[in-house]
Each structure stands twice: as C-alpha cells, then as structure tokens.
Amino acid sequence: MSAKLTHQDDDGRIRMVDVGDKDETTRRAVATGRITMSQTAYQAIRDGQGPKGDALKTAELAGIMAAKKTSDLIPLCHPLPITQAKVAISASDEISGFIIRAEVSTRGRTGVEMEALTAVSVTALTIYDMAKALDKSMRISDIVLEEKTGGKSGDYQRDD
Amino acid sequence: MSAKLTHQDDDGRIRMVDVGDKDETTRRAVATGRITMSQTAYQAIRDGQGPKGDALKTAELAGIMAAKKTSDLIPLCHPLPITQAKVAISASDEISGFIIRAEVSTRGRTGVEMEALTAVSVTALTIYDMAKALDKSMRISDIVLEEKTGGKSGDYQRDD
Amino acid sequence: MSAKLTHQDDDGRIRMVDVGDKDETTRRAVATGRITMSQTAYQAIRDGQGPKGDALKTAELAGIMAAKKTSDLIPLCHPLPITQAKVAISASDEISGFIIRAEVSTRGRTGVEMEALTAVSVTALTIYDMAKALDKSMRISDIVLEEKTGGKSGDYQRDD
Amino acid sequence: MSAKLTHQDDDGRIRMVDVGDKDETTRRAVATGRITMSQTAYQAIRDGQGPKGDALKTAELAGIMAAKKTSDLIPLCHPLPITQAKVAISASDEISGFIIRAEVSTRGRTGVEMEALTAVSVTALTIYDMAKALDKSMRISDIVLEEKTGGKSGDYQRDD
Amino acid sequence: MSAKLTHQDDDGRIRMVDVGDKDETTRRAVATGRITMSQTAYQAIRDGQGPKGDALKTAELAGIMAAKKTSDLIPLCHPLPITQAKVAISASDEISGFIIRAEVSTRGRTGVEMEALTAVSVTALTIYDMAKALDKSMRISDIVLEEKTGGKSGDYQRDD
Amino acid sequence: MSAKLTHQDDDGRIRMVDVGDKDETTRRAVATGRITMSQTAYQAIRDGQGPKGDALKTAELAGIMAAKKTSDLIPLCHPLPITQAKVAISASDEISGFIIRAEVSTRGRTGVEMEALTAVSVTALTIYDMAKALDKSMRISDIVLEEKTGGKSGDYQRDD
C-alpha cells in the first residue's frame, strides 16, 4: 500500500490542505541548485559581474521576486507573507557554471520550502535566458532543499 | 575576451533585447527535466495516477499555466502569445522518479525556449509540493532544451 | 460514443489546443448575465448610480479588467491581445437586480467568448461584493454567450 | 431612503473598507453554482472523468487557483491568506450539467465569501471553455453563497 | 562615508530585508501627488465627473487596485495584507490639473508607505492614459509621503 | 464645450477604446522623470553603484518589468507585446537625485506611451523603497513623455 498524499482527500480529490489550525511561527528554508554551460557562455556571464555587468544580479533579483509569486505558480501552495528573501549566485570554474542558494523566511502557518525552491529555479532560468544566445545546451540541475526550520514537523537538514 | 551577452548594451546595461525587426514566424520548443525521490514518495505520486488520483495531472496543468507566465517571471523575456502548450509526465521505476516533457509553440518574433523550460520547472516544483510531506530530499535535475525550430538563428536539436 | 473534447489529445491528456495555423482575423463576442437580490440591496446599488455613487461603475470597470486576465484564470485559454472591451449594467426593477452585458473584440487566432463571459462573471461578483453587507442571498444567473463573430467555425447568434 | 453601501464613504466615494480593527478569526464560506448544456456536451465532459480524462479535474483546479486571485479580480476585496480551498464538481444527468461546490477557509480579518464565489465562477467558466466546441449555448446559473461561519456579523446558512 | 542601505547585506548584495522579528501593529501611510495638463484636457477630465462621466472614478479605483499589487511591482517590497485603501482626486483650476491623495492601512510587520505612493502613481498614470489623446505634454509631479504612523521607527509627518 | 475623452462612449460610459482597425506598426516611446532626496540618501544610493552595489540596477530592472505589467495596472490600457524595453538612471549631484529615462517599443495597434511612463514611475518608486530608511521626504517629479513615434496620430517630440 502506498503512502497517502496530503493534497488528496479521502475521495482522492485534489485540495489545498487546511493549515488554519497550525501555529503562526517563524519558518525558514534554504534551497540550492546549479546551472552548467559551455566555457564561452560561463565566462561571458561570470564576466558580466564586472564593473558594468549585472547578469547575475538580474538573476538574483528574479529569484527574489519569484519567491513572492510561488503560490500563484504552484496550484495547491498557500499564499504566505514572506518576511525575508535573498538569493546568492557563486561562479564555479570547476563545474563551468553557477551555484545558486536561496533563503526565505516567513511568520506563518506553513513552511517556505516551495518559495526557496521556486527562487532557485527562476534564478537558474534567468541565467539561462541571458546566456542562451551563446549556448543552448545548458543544464539546470540538483535543485534540492538544504534545510528547513520551524513548524510542527520539525527541522530538516540535508545530509550529503 | 569573453563573448557578448545579448541582454547588455554597449554600456553593459541590462535591457530587453529589441526583437521588433524579427519576422513573425511559427516557433516551437521542447524541454525536458526530471525529479527523483524515495521509493515511498515515488509510489504515492505514481499511484496518484489511478482512477481517482490526479497528482500528476495537477502538475501537468501547473506547467501549462506557468508557460503563460514566463515573461512575468524572467525579467528580460518578451511577452509572447503562446499558440499551443502541453506537458507530459512519465513515471520511471528505474530512476524512482518522473520524466517531464513540455512543448510550446507560438507565432511570434522570438522563440519559446524559456516558456518550455519554465513549464518543465514548475511541473517539477508542483510534484515536489505534493510529495514533500513524504520526502524532503527530492531532487529536480537535468532541465534542458531538447529542440527548437523556427526563427533566423536556425533549428537546434540536442545531441546526447 | 461521446463527442471528443478539443482540449484532450489522443491519449486523453489535457493540453492547450494549437491555434498557430488559424488566421489572425477580427473576432468579437458578446455575453450577458444577471444578479438578483433583495429590494433593499437592489435599491442601494441602483441608487449608488447617483451624482456621487459609483458602485455600478466600479463593477463595469472590474469586468473590463477581468477580460484582460482571462488566460491567467482559465487554464487552457490562449493569451490574446484584446483590442476592445466594454461592459454595461442595466438596473431592472422587474427582476430586482441587474442585467450585465459585456462585449470584447480582438485581432487574433482564436475567439474571445471566454473573455466576454469572464467579464460578465467578474462584474457580477463585484456587485455581490459591494452589496453583501445588505444581502447574502443574492444569486448570479444566466451567464450565456449571446453572439460571436469571426473565425472559421462561423458566426453564432443565440436564439431565445 | 436606501440602505448604505459599506464600500462608500460619507462622500459616496468608493473605498476599500477598513478591517484593521476586526479580529483575526477562523472564517469559512461555501458557495455553489451550476452549468447546464446539451446532452452531447454533457456526456463528453462527464466521460472526460474516465481513466484518462481530466476535464473536471482541470476545472476544479482552476477554481482553487482562482480563489487565491480573488483580491486581484474584485477591486475592493481585501487580500487574505487562504488556509484551505477545495472544489468539487458533481455530474447531474437530471439537469444535463454539473453542480459545483467550493469551500474556502482563512484565518483573517474578513470573510471568504468572495473567494468561494469566485472559485465557483471560474470552475464553471473552465468547464465552458473545454466544452465550447461542442455547445455554445451553455448556461452558468445559480451561483449563491450556501453558508458562512466566523466573524462578528454572525453565521449565515442559506435556506432554500 | 555614505550611509548604509537597508536592502544591501554586508557583501553589498541586494536582499529583501528581514522583518520577521518586527511586531504586527497597525500601520498607516498617506501620500500625495499631482498631474497638470492643458486647459482643454483638464476640463475634459474634470467634466468627466458629471452625471455620466467617470474618468476620475476610474483613476481612483486604479489606484486602490495598484496598492494591492505593490509587492509585485517593487522588487524588495514585502507582501502585506492591506486592511484599508482609499484614493481621492481633487480638481484644481489653479494648477490646471488634479491633486491625488491616497491612504493605506495594514496590520503588519512593515509599513505601507510604498503602497500609498504606488496608489498615487498609478492613479496619475490612469488620468494620463484617459487624457492623452487631448494632451501629450501632461506632467506627473510632487509624489511625496505626507505622513506615516505605526512601527518602531516612529511616526512621520511631512512639513512643507 | 469640453473636448471628448476617447475612453467614453456616447453615453459617457467608460470603455477600452477599439483599436482593432488600426495598423500593426512599429511604435516607440520615451519617457523621463526624476527623484530628488537628501544628500545622505543620494550619496548612499549613488555609491550603491560601486563594485558590489546594485541599488540602481535593481531599480532599472523593476522599471523594465513594470513596462510588461502596464495593461494590468492601467484599467483601459490595451495589452501589447512589447518588443524592446530599457531604463537608464543617471545620478545628478546638481539636483541631489536621479534622472530616469525609459524607452519602450512594440509592433502593435496602439502606442507604448503608458508603458514608458509606467517604467519611469516604478523605477522611481523602487529607488524610493531602497532609500526610505534614510530619507522619508524624497520627491518624485516631472514624469513626462519625451517622444513618441509610429501610429496614425503622428510623431510627438516634447519641446522644453
């Protein structure tokens, strides 16, 4: 017998889970991901960090703004008043690409895992958009939840 | 010297590229990606495909709707009147997860790669949302452009 | 055997229908609907039309704006560049309520029936919102397509 | 003298009512509505519920997502953090159509009647969209509030 | 040495400021602004206030609705559940234009200055839109915060 | 007798003007505006342009993204497929503030004046948001249309 999905009621019908009885506590989530690409595209984006460039800053900002749209994108996700969001991109010569890390917090009745994961995804897509004239074979990978605190289900820390 | 990013003008300032002189042609893009998870979570979602379940259908629909929001999410992406969109999810026992494929078309002045990639990303995020009570260690990976047709820059076909 | 739904492919999977090969022609649709209520609520809203009132104007404007959001609300609806929209509300003592009529046009590859019907629905909901402190038993009814012109499938005129 | 609309100040000017002093309590609303159509269209949609079909599930999901957009659609409606939403569609041979029921909850300072009514409306519009190639004479009717709990104004139960 | 921007962390990276530890209190802000234009355009809009006209009411409503979209427009602005919003436009023969005043309140962890300023801006833009066929040289000016109450940083009252 | 507003029909009822018969041509608009502030706030934002700062880039990007939302903000504004958008901010010691210039193009049936003006407004609001902890008395002023080309009504060039 398979485990039960929380988004299905006893009739198997999809619903938005009721979180009205949960406490309003401080909740925080961190997610990461990466995008890898050709050396040419990688260097162009990385150098876009220089005095006048802003490719990575554009992508970080896109991620922050996407965190605020999460409940509009994910059908059964609850709307949440985000209290904090930040996205950091690190260039990595080793993987010829970029590591993305997003952190989101709220005071609310449900967690912000989806907000952090959405921020990482849209940050990666924005980098793709800006480099796609140079390389169409880029790969977005390893989008995972790193940690989560707050809420009744307890804290989570990814072990690698 | 690194290659030039199309989204930067001669001053290095970020802009939305001018596509006004491009022809309005039929353009199509296909993207894929995957999400892997524990056996327990995988089976719950896969069995959610049964007579009453609709976890995967919810995720497919979320992907289609996200394709229409692409220019709202990606800062320098042009708004496009999408003429067709579909998303298909296949369960894979082998990877203990799901393969997602999105196809988007338009009649427009620029391509729909970002729309197809966004559809795949949001489909994966929606699966994550529905299974996260069962497994927090899921991984979204290998989001890539498979093919692209239409437009002056020529067709693209990924070779694996 | 039942008729085939256009939004399902041969596998029964939901999709956004491909309209890329359709001609870009002038298309127009008219929809109507009504909301009925207690005499007290009806008079308050109707008198809200006076020198300083603007309850009905608020509702008409809400309908026009909703027409522009149609493809964001209806999952498989194509985004369309609306070229014209108007909504007119008529007070009717006879039904103790209001008759709503919306007309929408576009130059596009698919019709604007959904835009006109959405405009009527949101206009009615907005009237409900403004009168709900006076009457909770209001009824929104008879939302129908009155006529439709343009497009290959031919014109449609409702006969009553 | 007619009753006073809450959305108008003493000058008759439209405003969003101040709910800042209201208590944050659990509030819940249920709304219903129906869409009737030709036998052909009805059977196609109803059979779309089979092993591979998902017409009704698409419509239910559209209703849930619309509940989250209510304050964006209804001009003077307050934004609310919805804590729960579900939509259920029942096929009815008798009326040759579908009965829609939506239930929405929140912890907030104002009720969710508009969210429940919006969910019903958009669910009906989505069914219309998917069946409109088969029948253009469908009718959306009887959208009403069934019940409402929570808040100072007391509970409401429709009597039929 | 220049003052520190709150939206930058110690690395100078842009972020959404963390307001999770702030108290949820009643906060209120008032902003004003003006739009001036030719006599012809001014009179047309002003007379649009007559028995059937509604140019200014349209603009006021646009401002109220824009207040609800503030966090979607301003990248690092926190989403807030607005509890009250109103916009008032006064015609001024003296300046051949209109004075706009917006007032917004919330119960939340951060202020609503941006919501009030956004409401004024969009109200002015909407007036521009409706008069632009008559005058393209209109000027939107003097958008300022008039007062602000609530929150730890204390009240603010503009002195002119 | 006052001039006629294009957004009102013969009954004085507000509508979205019909542009369906207009030609689809290349249209372009340029708008400018300014925000002035205390020396302290000015320098903090201006220095935010340094190696790691990105306050002004954040504001420019917000302006570009807002151009895409124009028809969602301005009630009677037509949705348009923008083909190009850019925003440039110049620091001015002289005015202790920033000059904003936005340029938007489209291939469409109506102009992009509102898109350019909206981009300037939201850019200014975003600067305000980032400096408001330092100065609450900032002033957004002189938002005007500089030039406009394309369309039947002829070109417009502001003369100062």
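As written, the chains take the letters A, B, C, D, E and F, and residue 1 is the first residue of each chain.
The working rule: a residue touches a chain if its C-beta (ideal position, glycine included) is under 8 Å from a C-beta of that chain, and two chains touch if they have at least 3 such contacts.
Per UniProt, the chains are A, B, C, D, E, F = Cyclic pyranopterin monophosphate synthase.
Keep in mind that what you see is a predicted model, and the values were worked out from it rather than measured.
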Shared interface partners, meaning chains that touch subunit A and subunit B: D, F
Of B-D and B-C, pair with higher C-beta contact tally: B-C
Subunit F against subunit A, contact positions shared by both copies (same if over half, else different): same
Chain centre separation in whole Å, for subunit E relative to subunit A (CA means): 31
Centre distance in Å when subunit E and subunit F are each reduced to the mean of their C-alpha atoms: 15
For subunit C, residues contacting two or more additional chains: 13-14, 51, 54, 57-58, 61, 65, 69, 72, 75-76, 81
Every chain pair meeting the contact rule: A-B, A-D, A-E, A-F, B-C, B-D, B-F, C-D, C-E, C-F, D-E, E-F
Partner subunit C, residues of subunit F touching it in the complex: 9, 13-20, 71-72, 75-76, 78-81, 108-109
Partner subunit B, residues of subunit A touching it in the complex: 2-8, 11-14, 33, 40-41, 43-48, 50-55, 58, 61-62, 65-66, 69, 72-77, 113-114, 117-118, 121-122, 124-126, 128-134, 136-145, 148, 153, 156, 158
Interfacial residue positions of subunit C with respect to subunit E in the complex: 51, 54, 57-58, 61, 65
Of subunit F, residues touching subunit B in the complex: 26, 57, 60-61, 64-65, 68-69, 81-86, 88, 105-107
